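Note that chain A is present in both complexes that follow, paired respectively with chain B and with chain C.
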Partner chain A sequence: MFRKTSLAARTLFIVILVTATVWTAFPFYWGIITSLKDRENVNLWFSVGLPFVHYTPTLENWIGELMLPEMQHALLNSITAAFVSTVFCVIIGSLAGYALARFRFERIPNKDITIWFFSLRVLPPVAVAIPFFIMMKTLGLLDTRTALVLSYTTFNLPFAVIIMRSLFLELPPEMEEAALVDGYTRFGAFFRVALPLSAPALVSTALICLAAAWNEFLFALLLVSKNAMTIPVLISGGEHSRGVEFWMVATRGMLAILPPALMALLVQRFIVRGLTFGAVKG
Partner chain B sequence: MATITLKNVTKCYTKGVPVVKDFNLDIADREFVVFLGPSGCGKTTVLRMIAGLEDLTEGQIHIDGALVNEMAPRDRDVAMVFQNYAIYPHLTVYGNLAFGLKARKVPKVEMDQRVQSAAKMLGIDRYLDRKPRYLSGGERQRVALGRAIVREPKVFLMDEPLSNLDAKLRVHMRFELSQLRRKLGITTVYVTHDQIEALTLGDRLVLMNAGEIQQVADPDTIYNRPANIFVASFVGSPSMNFFDAEVVRQNGALGLAGEAFGLRVTPNIRGLDAFVGKHVICGFRPEAVALVDYAAFKNRTEPIEGRIDDVEPVGENQLIYVSCGNILFVARKEVASGVLARHGVVGKTVPITFDMDQIHLFDKATEQAIHNP
Partner chain C sequence: MAFPAVKHKHVKFLFLLPAVIWMLAFTVYPLFYALYMSFNKVKLTGPDTFVGLANYARIFGDYYVGNSAKLTTIMVLTTVTLQVAIGLTLALIMNAEIAGRRYFRTLFSLPIFVAPIAMGYLGHTIFFEQGGPLNIVLTALGLRAIPWLSHPTWGFVAVCMIEVWIATPFCFMVLLAGLQGLPEEVYEAARLDYKSEWQIFKRITLPLLAPVILIVFLLRLVSALRILDTVYALTAGGPGTATEVYSLITYRAAMKFFDFGYGAALAYVLLFVVMLILMFFFRRMREVYE
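What follows is the complex of A and B.
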């Protein structure tokens, strides 16, 4: 494609690409190098100094953070809340999505139910934050992981339902019908035909729910305090009387990125397939 | 082995708008019945109701004497072949064939034996460990058929199984299907909109239009003695030639007075007396229309003038398009009787004649047949 473009166009193209790359990669770069600095070196070279060149990197912050009981606790809380709510979302979401894609509801049309799910998704969560707080308080669930799981499942489920519904709509129903005629129940056809065929999209849905739950801040801030504190809340509390401790914030930020990034790497071949599912008819 | 009985079967998706109306049919054991009709005529809906994939709005379906209206598809012991094959992409060919047997908890040894024998019968035994995406269209179609065969069901239901194949393969698979049905002898309901498939495969044809049965008969009767104008026009390619005429009595003899020409009716056509003064639709198949020079009809009509619009060569035949007034006739002429060169004859006025022994007459008001040869 370069052969026919002029030098000016090529230069512009490269400048845009480099700018975009630096723009997106810089926060990570800053996070990584800062997490490897000690207190004295933080502001060195306008805080973008290179390790080994401008200062000697250290793992002190990482070890310190990981040994910190409140960090360990927050990690465990985040992981539990995110994974459990994701499992719920995927199970309930795929069943509900399947029902919406395959059956015709008589009283309320399928389209209206879908739009209702969608409306839950676009609703600003803050609108229900206070009622949710009161509900959790009444149920005695404040500052528990259960409260996190319940709220994350509530807010991510519509998303799972909508994705899974559109996925099942794209699967030709004849395959499940063939299974019905071949001797399976509706559940048999769902588990043996529809679900295996939708595995890639299911993984994508799970990852999106996982990321949303992992990053959730508002409800975590509102519903939990000490016992069930999650990583985002912990990071935001990183300001001490001595001012912002950048090296600590950077380490915590990087720690927060690690689990979802590892998950994404692990299942990346599914993600690409899941996101492009149905783009080309097989 | 089973019989199928459909009694007053009606299906509405929207209340009061039936897509299948009062459908009645008895299918005998081992019979091969073909539902034929244009797209959207309800033939697939009837098939799906027999399979249990659609509920009936009204009526009853019996398989082997047992009422199956409320029976789940899996309990009906039918096997279905779908138009788009519907084979499972995540399973191998073996997995696809064994899928239904697993559901029925067939012992492993027997399952293996049945899969192998069906695969061999269809010539797909080499591909058993392949995934369907590595198979050609014809091979996928065989897998779909195989999945039905291994089940050894009471009834086969086939929904346009050959329509996704290219023309050559379709002819080949049609032949294989025909062989297979002779070998297996299982009651089969076959849905198609392809009249050649219907005429070649079916013991009996059920011609449908707009959710209603138009005629149920063997292929020969359907072609030669159509019950109404729809059947006459749907079956046969090119379609039957039709024209409107009034039945008149002249000097004691009956005649057909068309817009541009008249025909004398020979005495062998009975039952026309009642239609004197009324309009009828006359039909001639292309083989019953000929240029006078080439006509070898025993009982030909008096010639009428027409203009040749086109000549189409189709193998051993030529199709000659002749317009008489604003009616366009298609005549089929054998090449053996001499080739008409298109550039020499198009635009020329020629006399044409009809074979009175092959006239079809329909009541214009009811569209039902009055006379078939």
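What follows is the complex of A and C.
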């Protein structure tokens, strides 16, 4: 496309691209440089400018935040809950994805089972959140990491099922057939052959689940008060009590933003397929 | 599809059932429980009282719900349209062979997993009125500083801007992948028939890309409707009631006023809207998972 574009059109495209670049990059840039400012520089207007040129960057804020016991506790909770729920999702999800890709279910067609999972993924979480809260209260699980793991797994699982289904569909079945002929059980063929063959995609799926669990806010807000505090809930309570301490806001914000942004870099080639539930191939 | 060598007929259920049971226990059961709650006055300490349709009837007389439904609809339609339109524009430009395409793509994919709650939080510094970066630039250009977080309209705009920032990359990435999947031969043929690029875009690209655009639009629509995090962190529904999105008032009804029945009824109305949207796209999704 646009092979024979005029100079005017080309200029327009460049302007759009530059605008989009500034628009996309600015919050990252701003968050990072603000988190590197000390308290004196943070409100000066020229501190919009470059580190080293207009002010001396400092890691003081990052060290300060990371040394806070409440922050360390929240980091530990967020990481633990995200990892454990991801492991659940990948195991249970790939089993079901495999079933939908390789077997034929008679009573309910496979595609309708897939759509069932899809519809569970896209429904508004607030509809599930309120009864989920009462369930956890009844089970005595409020403010525990277990409750976090249960909720994170619940909203990531349909995604894992659908995406693993689309991956196994692309895997040629011959290898597994050969394994079955060699005397492997169906589970053996799955764990020893199909799963290793789809390992790279499995890792990408896991990273997307991790990022979603790390970012999850609504369920954590409902379920958590102190012991199981996560990073999103911790930062959501910050701006009122601490006023306009921008260095702190920026540091905490970037602390939450950067890990998933790095994951986005790692799974770039997989993102499109992952986030469209396999509907568009990347 | 099925293997000839399946020994046990039922082994397939062992693969599928853990996921199905999990979803039944933690999503389907809660949904039915919410339906039950929506017909009751729920007290956490005592027995529930059946109130019939009273909770639902209350929704239609509730000024805050009406206000919230209106502003959520405007917000969702505006942001999703902008996301798809900007995403498509960028995808079309980047589909051409331009220098450094890979770097742009990487940059534009960065916000994809950014936590909305953290972005809303960071918004406090970006939209800061006395000396925040946006107002500094505006005043430097000789324009008036904007009361981003203290004026209802601008608060609404600020939330929309963050939403567009977060979700446009998704639209861009998917639409670009869609464009790159279009067959080159069609374009070679089209260049003989149509002179202008605009004609080619209108007659060839747009119709071929329509299924992908539809998917993007569906996925954005259903996730935009659940908007909560950015608002919670940036404006908390304010100034006044200018950004009291639907999930926020539902959350507040249940968790702040402990009116679980009313909260559940509110949630069910939203659920109904999402189901309507899904049904509209149902046939398309069946084709996708064929």
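Note that the second predicted complex is superposed on the first by the 240 of 282 C-alpha atoms of A that agree within 3 Å, B and C clash if a C-alpha of one lies under 4 Å from a C-alpha of the other, contacts with A are read in each partner's own complex, and residues count from 1 in each chain.
Criterion: a residue touches a chain if its C-beta (ideal position, glycine included) is under 8 Å from a C-beta of that chain, and two chains touch if they have at least 3 such contacts.
Source: prediction; values computed, not measured.
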Touched chain A residues, chain B compared with chain C: C
Quick one: classify A:Leu223 as touching chain B (first), chain C (second), both or neither. neither
When the two structures are overlaid on chain A, which partner does A:Val149 contact: first (chain B), second (chain C), both, or neither? neither
Using the touch definition from the top, say if A:Pro172 reaches chain B (first), chain C (second), both or neither. first
Answer with first, second, both or neither: which of chain B and chain C does A:Val193 touch in the superposed model? first
Between chain B (first) and chain C (second), which, if any, makes contact with A:Val181: first, second, both or neither? both
Do chain B and chain C land on any of the same chain A residues, and which? 177, 180-181, 185, 282
Touching residues of chain A toward chain C in the complex: what are they? 1-5, 13, 16-17, 20-21, 23-28, 30-31, 34, 43, 45, 48, 92-93, 95-96, 98-100, 102-105, 110-115, 117-120, 122-135, 137, 150-151, 153-154, 157-158, 161-162, 173, 176-177, 180-181, 185-187, 190, 208, 211-212, 214-215, 217-218, 221-222, 232, 235-236, 238-239, 244, 246, 249-250, 252-254, 256-257, 260-261, 263-265, 268, 271-272, 275-282
Interfacial residue positions of chain A with respect to chain B in the complex: 172, 174-175, 177-185, 188, 192-193, 196-197, 282
In the complex, the residues of chain B that touch chain A are 51-53, 72-74, 76, 78-80, 82-84, 86-90, 99-100, 103-104, 133, 147, 151, 157
Of all residues in chain C, those that touch chain A in their complex: 1-3, 5-8, 11-16, 18-20, 22-23, 26-31, 33-34, 37, 44, 86, 89-90, 92-96, 98, 104-119, 121-122, 124-126, 128, 131, 133, 136, 165, 169-170, 173-174, 177-178, 181, 187, 197, 200-201, 205, 212, 215-216, 219, 222-223, 225-226, 228-229, 232-233, 247, 250-251, 254-255, 260, 263-264, 267-268, 270-271, 274-275, 278, 282, 285-286, 288-290
